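Here come two complexes built around chain A, the first alongside chain B, the second alongside chain C.
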Partner chain A sequence: MKNTMDNQPKYINPYLGGVLLGLLIIVTVFITGRGLGASGAIKSSVVTTANTISPESTKENAYMGQFVSDDHSPMYTWLVFESLGVFLGGLLSGIIFGRVKKFRTDHGPKITSRKRLIFALIGGALFGIGSQFGRGCTSGAALSGSATFALGGVIVMFSIFGTGYILAYFFRKLWI
Partner chain B sequence: MKEELFVSGRNIPNIDPYLNIWHWQIPLYLFLGGLAAGVLFFAGYFVVRGKEKKMQATVKWAPIIAPIALVLGLGALFWDLKHKLYFWQLYTTIRLESPMGWGAWTLMIITPISFVWVASYMKEIFPWWDWKFKFLDKFEAFVIKYRVYLAWVMMIYSIILGVYTGILLSAFNARPLWNTSILGPLFLVSGFSTGLAATIWISKDEKERKILSRIDLIFIFVELFLIVHLFMGFLAGSETAIEAARLFLGGQFTVSFWVFVVLLGLIFPATLETLELWGYHVPKWLPSALILFGGFMFRFIMVEAGQITRYLY
Partner chain C sequence: MGPLIPNGIIGGGWDFVIAILLGVAFGFILEASGFSSSRNITGVFYGYNFVVLRVFFTALIVAMVGLMYFDYFGWLDLSKIFILPTYVTPMIFGGVVMGLGFILGGFCPGTSFTAIAIGKLDALLFTIGLYIGIFIFSLGYPLIEGFYNSGNLGNVTLTDVTGIPAAWFALVFTVVALAAFWGTMIIEKRVRKNMKEYKF
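Entry: the complex of A and B
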């Protein structure tokens, strides 16, 4: 049972992982009546931060204003708790499969950890902006959307993966 | 103005329809008091059992938290007082039936004990330490000689302190959520668990951490058992008790209680501690941090929710 001695991080077989993810969506829809999502929690955090710093301008903001209410904090949505669960589940899986040792940064041999982190931040920010244009990220719009046979979901999925496939060529040096 | 409320006397700000006079200071104090009780109890326990050498962090290092926590907690209590300059009257009015009176005296005894305990280890912790005065050196030698007796007194008073943090609330018979005999043992167990968590966090010795983790797992299990019985008791009780339980079973405290206290503060850290005992690599600070967070949330939610529950409808 102990695979902590192994230095190579172990991950689940991607095909098995895919099937499990699909089953997870069915269970989620069954239990909560909703699909999975990830970007919503980040959005809630951004709105909460903005609301704490400047409540006036957040309420006036056409986009962020719709998530602010007097009854409860913008953090009080199921997506925040789901993301918390994703984080903890990931951690648990990391512990069981011996990936948790100390903080490390995965990156290609030609770049530094610092560069990798900067690009990850830029990529994450672009992904966040994109997810709000697309009304959800890969998990929300593409995964949950296509699981309900929504045409929009399928288009989003092809757009995300297609664009990623094309643009990967230009950023290959970050990895190879 | 709603006149029917006004005439019926159900419109008294901060008292009716519900009392809301205990703010963050009280749960913070209850948390710090329980934490100190836990840390001191196990420091005393391992000294009494003669395991001082094996459990260095538990006996020597972790107790440093206790006086700090107690002073901060007392500071919070003092902050909460409306008439701060009259605090000393707690010590001139002896009422055996008053839990606050008992608590005030318990704190009066255990706070100096925690200071004396830490002081008696100062030379071991910091070899350069010098008391400067002869009589302090003599007193130190006296404490070290009778340390086991002091440990016994400390253990007894830490149990009283731990139980008292719960009994303080359960003595309010006007608040159905608090008015249950399970609250005393529940707060005691939870406080001891947070004390253990803090000690585990501090300890660098693998063997010591394992011993403490095992004890902590038992405490978490007992705490879960008591929480289940708390709700079973409410649901088998009067309509007001059922109403109080509903706050946690579909009401406004459901998510915060079950997610932050039970899942993140008890079940998840217990899983991590079990994995750690089985030999998996777990970030050392994580289970402890979660238990401390859960313990803090537990007190916050209980104080907040208790003030909403009432007999009058």
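Entry: the complex of A and C
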């Protein structure tokens, strides 16, 4: 028994994790007046790339143009620094709990690593597109939005998880 | 008193230092809770691991109730915080597309950053996908601009729309979450019993 316990990944209690995350949202709103986010940082890097390749067409693009400023780079935004922190925080936790290892791919028992990587890429692309329509992702819209009682946050939360449950059956071979 | 930065109590120069520190705490909690594993995360859709539901709902209850107390005690002026704008149909559409991306990709943006940090290549591909997806959206924006901006209700809260005080939403949400914690605990035990292999 002891042996199998040692083989389990050492994660903190999920309710403790939830309380800590809830407190973090309160602190974040208290200090900054807004919640946590993640997809915004990728958007900034997309705008930065486009702006480097072709500054004029980026400014003309009605979407990307609104994130370009003459004063500073599109990377100089709150969410980019916060996301850098997310990476560092993940690394710190990984080091403490002994999960930082050489590069590897997680996948369900019925698929290959290669298939997993292809689906991860497609899933990421869809998540990227959806997060723009949703005005944020799971962190910014669903979690922080709902926590501040924003109607849009609740809509995004139910749409993401509702769709997940409706579609789960069709993609079960990827995971179980 | 709060929010501190919008009210000028903390100067603008500290913005990015605070951003990194809050981000570190966020990433640490996500990774320590097990969100750096896609198989861990997708368990919520297959019944073998409800860690996502537990962390997410607990965080929501704590944040909802906490923010209301902060407002009640006068520490935080909730009318001064950012309320996500509501665009009904684009947000439902976006949520559905994200839901599909979630099932196919196994991550969401924040969790993928923490998974890259500990060496997961699937998370790296997911993040590259995010980048490509947002690029496609930006290039296609002229075609979808009308839909993207449709159904705008402004920066409204549940209370603005329904007239029901926020405290009632917090209460209902807490009751639903507690029922979900109990129900999913039973489901998880049953599903795991039937699984030959349960590894992350």
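What we mean here is this: the second predicted complex is superposed on the first by the 167 of 176 C-alpha atoms of A that agree within 3 Å, B and C clash if a C-alpha of one lies under 4 Å from a C-alpha of the other, contacts with A are read in each partner's own complex, and residues count from 1 in each chain.
We adopt the following convention: contacts are C-beta pairs under 8 Å (C-beta built on N, C-alpha and C of every residue); 3 or more make two chains touch, one makes a residue touch a chain.
Just so it is clear, the structure is predicted and the values come from calculations on it, not from any experiment.
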*When the two structures are overlaid on chain A, which partner does A:Asn61 contact: first (chain B), second (chain C), both, or neither?*
second
*Name the chain, either chain B or chain C, that contacts more residues of chain A.*
C
_If we overlay the two complexes on their shared chain A, which of chain B and chain C does A:Lys101 touch? Say first, second, both or neither._
both
*Counting only touches as set out at the top, which of chain B and chain C does A:Arg135 meet: first, second, both, neither?*
second
*Give one of first, second, both or neither to describe whether A:Phe87 is in contact with chain B, with chain C, with both, or with none.*
second
_Touching both chain C and chain B, counted on chain A across the two superposed complexes_ = 81, 84, 88, 91-92, 96, 100-101
*Could you pull out which chain B residues touch chain A in their complex?*
255, 259, 264, 268, 271-272, 275, 278-283, 286
*For chain A, which residues are in contact with chain C within the complex?*
9, 11-12, 14-15, 17-39, 41-43, 45-47, 49-50, 61-64, 78-79, 81-94, 96-97, 99-109, 113, 116-168, 171-172, 174-176
*Flag every residue of chain A that touches chain B in the complex, lowest number first.*
1-2, 4, 76, 81, 84, 88, 91-92, 95-96, 98, 100-101
*Once bound in the complex, which stretches of chain C touch chain A?*
2-6, 10, 15-16, 18-34, 36-39, 42-46, 48, 50-51, 54-64, 66-67, 70, 75-76, 78, 80-88, 90-123, 125-139, 141-142, 145, 148, 153, 155-161, 166, 169, 195, 197, 200
